[in-house]
Amino acid sequence: MAESIPVEHADGHADHGGHHEMSFSEKYIFPLDHKMIAMQYMFTGMFMAVIGGFFAYAFRMQLAFPGINVPGWGVVTPADYNALVTSHGSIMIFWVAMPVLIAAFGNYLIPLMIGADDMVFPRVNRLSYQIFLLSAIIILASFFVEGGAFGGAWTAYPPLSTKAEYSLTGIGSTMWILAVALEFVAFLLGGINFITTAMNSRAPGMKMWDIPMVVWMIVIASILFMLSVGPLLAGGIMMMFDQQLGTAFFDPDRGGDPILWQHLFWFFGHPEVYVVLLPAVGIVADVMTVFSRKKLFGYKTVLYTAIGTGVLSFTVWAHHQFVAGIDPRMANVFTVTTLLISVPIAEMMFVYIATLYGGSITFKTPMLWALAFIFEFLIGGITGIFLGASGNDIYMHDTYFVLAHFHYTFYPIAIIGTFAGFTHWFPKMFGKMMNDNLGKLHFWLTIIPFNLIFLPLFVLGAAGQHRRIYDYQNFPELSLPWMQDLRQLATISLCVMLGAQLIFFYNVIKSWMSGPAAGKNPWRASTLEWTAASPPPHGNWPEGLPTCYRGPYEYSHPDHEEDYWPQNEPA
Amino acid sequence: MSARPIATTRSAAGMPTPRLAVWWVIASEIVIFGGLLGSYIMHRIAHGEWAEYAANTNTMIGATNTFVLLTSSLFAVLAHQAAERGDGKTAARFLYMTTGGGLVFLTIKAFEWTSEISHGMTITANTFWSFYYTAAGIHALHVIAGMIIMLFVAQTAKRNEDLHRVEIIGIYWHFVDIVWIFLFPLLYIAK
Amino acid sequence: MILNSVLPEASTYAADIDRLFDVITLLVGVPFLIASFLFFSFIFRFKKREGTPAKYITGTEHQYMKWIHRAHVPILLFDVIIVVMAVNVWYDVKQDLPEANSTVRVIAQQWAWTFVHPGPDNVLDTADDIVTINELHVAKDTLYHYKLEALDVLHDFSVPAFRLKQDAIPGRVITGWFEPTLAGEFGIQCAEICGIGHGLMPARLIVEDRAQHAAWIAENSPLSVAAGVEDESASERTRLAAR
Amino acid sequence: MTAEEHHEPSFYVKIWAILLVLLIVSVLGPMIGIKWITLLTAFGIALVKAYLVAVNFMHINLTPRYVVYLVTTTLVFMLLFFAGSAPDVMKEHGRNWEKPAWIATEAAYQAGELDLGHGHGGDHEAESGHHGQSEHH
């Protein structure tokens, strides 16, 4: 079905490998080239990240200094607060992490790394981005409709999300679920493209174990997404009907059940964590091997742990619902499966640390990000054990401990992983080198405030502070002076961190305009994308597509003179 | 589709790319219907009284529609068989007949729903009817999408171009048929 | 050790949960410290030096892999310990329902808590019930069942000092238990987002000695008082239904 | 496309005829009026029909193995979803909880008091649900 999508612009579509001059709109607005679509995803994602960051700034200011007139937003009312929190969560996961990590890096890297000239379905690819853009516009537009944006948290538990008389955001709720559903459709289309491209279009000679890790990870992530999102798409339709038609799928008084939504949501929601984690892990694998001049320690081990984690992630979803009124006996099952996940993930982390052993490490900006990913994600991972243990989760559920935990996982994934990948492949994408000193300054000014934001929140969570409350002054136990100090520390750190991103944007624009030329392979890396020109032209290798002779991480091989052995170099 | 990327013509996984893709589409559709029908079955078992509501569905109409879809599936596979022989004209004719089958299916469905709605069995009457209209409605959307794509495929097949697409849309159509094979007992027979 | 330094332990199972937290902290903290130590020592030990090329290690050699595989044993062992302890605590707090001395009804709605205490007869749903808004009175060392309900959307009955948390689901009556061990006044929060007033649902929990509690019951039990509040909450419900 | 498939049209017509016979059986099954036979003829036959279509029309057996594994995996995950969710959604009395509205409707149905008029079923359920919830106040 996918390849039969009606052709738009049927008369003027781009000729692959031909000499047809493309107009501006064909090249930049409705491109078929995978690299341009990747850039569209990348910059839409970054734009949404700025918005999500701004939202975080607005509600953190309210928490640190209750009732102040937040510069740039105004007074944060309770309705504002809920809308900001909800949109921050939804945007950062669905409109930042997924488009940047899966769609942008997937689109950019998969064809280049497997030695193909484009994705297998370029038109589906373009359609995928257009649907994604539409969904992003809808979620942003929901701030300007009557009642404002949806404020029922990114989990959208009914009946709050289905009944306008409870949420007071009738249109906003529907726009939220519509935007999310459209985003899923976009990524289903994109996912089919990634999977089939990586499965079928590999360069001659590239066997399964010669595929770079990041490609594998994006494919596994797409598969996880595809197999988990179905129930939630069905649930999304049910929710829209509940909102707009007055059905009662989630209304207990008329024969429905609100818990059903929670199952539909988390059956997707937990694999979703790994959907965004795996691409970041793949990026880190590529960056770490290049900058430590080492072969990845146990290529197949990493792969099997990723697949194992992916499969296990389908069996753990109800640990988000321990105290949500599920059958308490089920919690025991989900505790066991949840803690089992620690085995493959720990193995994966060990393997990454072992990759450093015996290396020759240079601390360029991408490497700093990759190393930071390992360390910060380690913290995120171990704090998950607290929450997976059912007995402890009774207390921890929905406190700031949970919040700090998943920011310690999602932040390394979505922000640190993205910066690692972006700074690593920037020379390929734009043909210019980034300024390393500015990059390092940006790194430290991001990493240190990040820890200062979320470490205090662990403490606040342990002290019993619950999430999504716009002002703790109503709770005597939670408005102690030391607590307010920690909140202010977190907020000020956040402001510093957001400000530091200006360095990044300055660096990108400056390097793009006037950075030194990068050449084909500035990092002396061995994977196929570095054999194409920087930036690669339309069709990637106009002189002929490469052939693959060996695995992706042959660094410092004793039989080879150079310390890297490109995949396309005949033996 | 004259200028397809070289990538599309490779098949390292041992299957032509379009056929591989349609199986992935089907996998993602299975979980969509699986989630919906799973939710329906849970409620159906929990609510004894739903059997009474289900008694209002018309088994004969359901059976007729099953017959129509099965027959259209036969046409689809015959179209594929003709396309394999390189006979694009026959393939196109069979595809039009398949599309016709879809049209008959939708017409019958329209009459059925009209009658049910006019008797007060609307989507909001109770949760059984909500599931009934949602499940059958999503399925009908797939039928419509399949028909539209099939008309495009038939257009090119008539000119003996891109005959491999006949098989692809056929596989998708059979999947839609299989979904109905399960909807039929779930909504019509189990009472 | 860790949790009770920021929060009192006011129920029988609070100490169990705190102990579980401490054990998990120890069991994940030690591997974390070891992993961090290795991580940083590798980073500094294998910094690029001219003339020292990187080793070629595929990660399939037994001499290296054994270090990865051996690490599984303690991790699995720690997992088992954590699972056993967690399930144990879970069984006590959520799954098992010990015999109660008394039962209270907790009703959550946008955006207030209604608490129904049994009157002097210690039986719920009788005329002498005491209904309060945003204030729950319980006696120390008495095992209570709570029957938790929600009238509109999801709420969550959370008493951090008790380490107690349970979602309130419309259409469900959920039963749980607690036994206060510490007299005093504690906070009750709503821990599940419930609309724009979610931040305005603080309630107070007052734990008294048995004698004091009995006095409070006696003082507030007059039927007229109870009926008055009952009417109020009933009219509130009508208003909600009308919306 | 592939050389392995050379079925004649008559083969497909034969499969179609078998499917129609199965369809008739599944329609006739419930008329016997025994519950387990109805379930068997309804869902057992649906499985057989789906198998026949998948193998003979979709040629799933001629595609690489991993397609079969993929489809099986999706089905296994759906079973998993069902197994994890059913203990909450499918029950009226759970461990330590109950759903008064559902119980009231079920009781009314058992007592024959539930108005099964299709148009009004929903309203009545809402009423009984309300009753169930407010009965203890």
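A, B, C and D label the chains in the order they appear, each numbered from 1.
Everything that follows uses one rule, which is that a residue touches a chain if its C-beta (ideal position, glycine included) is under 8 Å from a C-beta of that chain, and two chains touch if they have at least 3 such contacts.
Computed from a predicted structure; not experimentally measured.
Peer 1: Taking contact as defined at the start, I'd like the list of chains shared as neighbours by subunit B and subunit C.
Peer 2: The common neighbours are A, D.
Peer 1: Closest chain to the overall C-alpha centroid, by per-chain C-alpha centroid: which is it?
Peer 2: A
Peer 1: Looking at contacts between chains, which pair has the highest count of C-beta pairs?
Peer 2: If you count contacting C-beta pairs, the leading pair is A-C.
Peer 1: Cα centroid separation between subunit A and subunit B, in whole Å?
Peer 2: Those two chain centres are 34 Å apart.
Peer 1: Mind checking the centre-to-centre distance between subunit B and subunit D? Centres are C-alpha means, answer in whole Å.
Peer 2: Their C-alpha centroids are separated by 17 Å.
Peer 1: How many angstrom lie between the CA centroids of subunit A and subunit D, rounded to a whole number?
Peer 2: Here the centre of subunit D sits 36 Å away from the centre of subunit A.
Peer 1: Please tell me the distance, in whole Å, between the geometric centres of subunit C and subunit D computed from their C-alpha atoms.
Peer 2: 38
Peer 1: Indicate the residues of subunit A shared as contacts by at least two other chains.
Peer 2: Subunit A, residues with two or more chain partners: 227-228, 231, 248, 252-255, 257, 259-260, 264, 267, 325, 328-329.
Peer 1: Multi-chain contacts only, two chains or more: what residues does subunit C have there?
Peer 2: Those would be 94-95, 171-172, 174.
Peer 1: Taking each residue of subunit B in turn, which ones touch at least two of the other chains?
Peer 2: Residues 13, 15, 24, 27, 30-31, 34-35, 38-39, 42-43, 47, 124, 126-127.
Peer 1: Could you list each pair of chains that touch one another?
Peer 2: A-B, A-C, A-D, B-D, C-D
Peer 1: Taking the complex as given, what residues does subunit A use to touch subunit B?
Peer 2: 1-4, 6-7, 13-18, 111, 116-122, 188, 191-192, 195-197, 199-202, 206, 226-235, 237-238, 241, 245-249, 254-257, 260, 264, 267, 539, 545
Peer 1: Show which residues of subunit B lie in contact with subunit D when the two form their complex.
Peer 2: 13-16, 19, 23-24, 26-27, 30-31, 34-35, 38-39, 41-43, 45-49, 52-53, 56, 59-60, 63, 66-67, 70-71, 73-74, 76-78, 81, 84, 119-122, 124-127, 129, 164, 167, 170-171, 174-175, 177-178, 181-182, 184-185, 189-191
Peer 1: What does subunit D use to touch subunit B in their complex?
Peer 2: Subunit D residues touching subunit B: 1, 5, 7, 9, 12-13, 15-16, 19-20, 23, 26-27, 29-30, 38-39, 41-43, 45-46, 49-50, 53-54, 56-58, 63-64, 66-67, 70-71, 73-75, 77-78, 81-82, 85-86, 89-92, 102, 105-106, 109-110, 114, 116-122, 125.
Peer 1: Spell out the residues on subunit A that touch subunit D in their complex, using ranges where they run on.
Peer 2: 227-228, 231, 248, 252-255, 257, 259-260, 263-264, 267, 314-315, 317-318, 325-330, 334
Peer 1: Hey, which residues of subunit C end up touching subunit D in the complex?
Peer 2: 94-95, 97, 105, 124-125, 149, 151, 171-176, 230, 233-234, 237, 241
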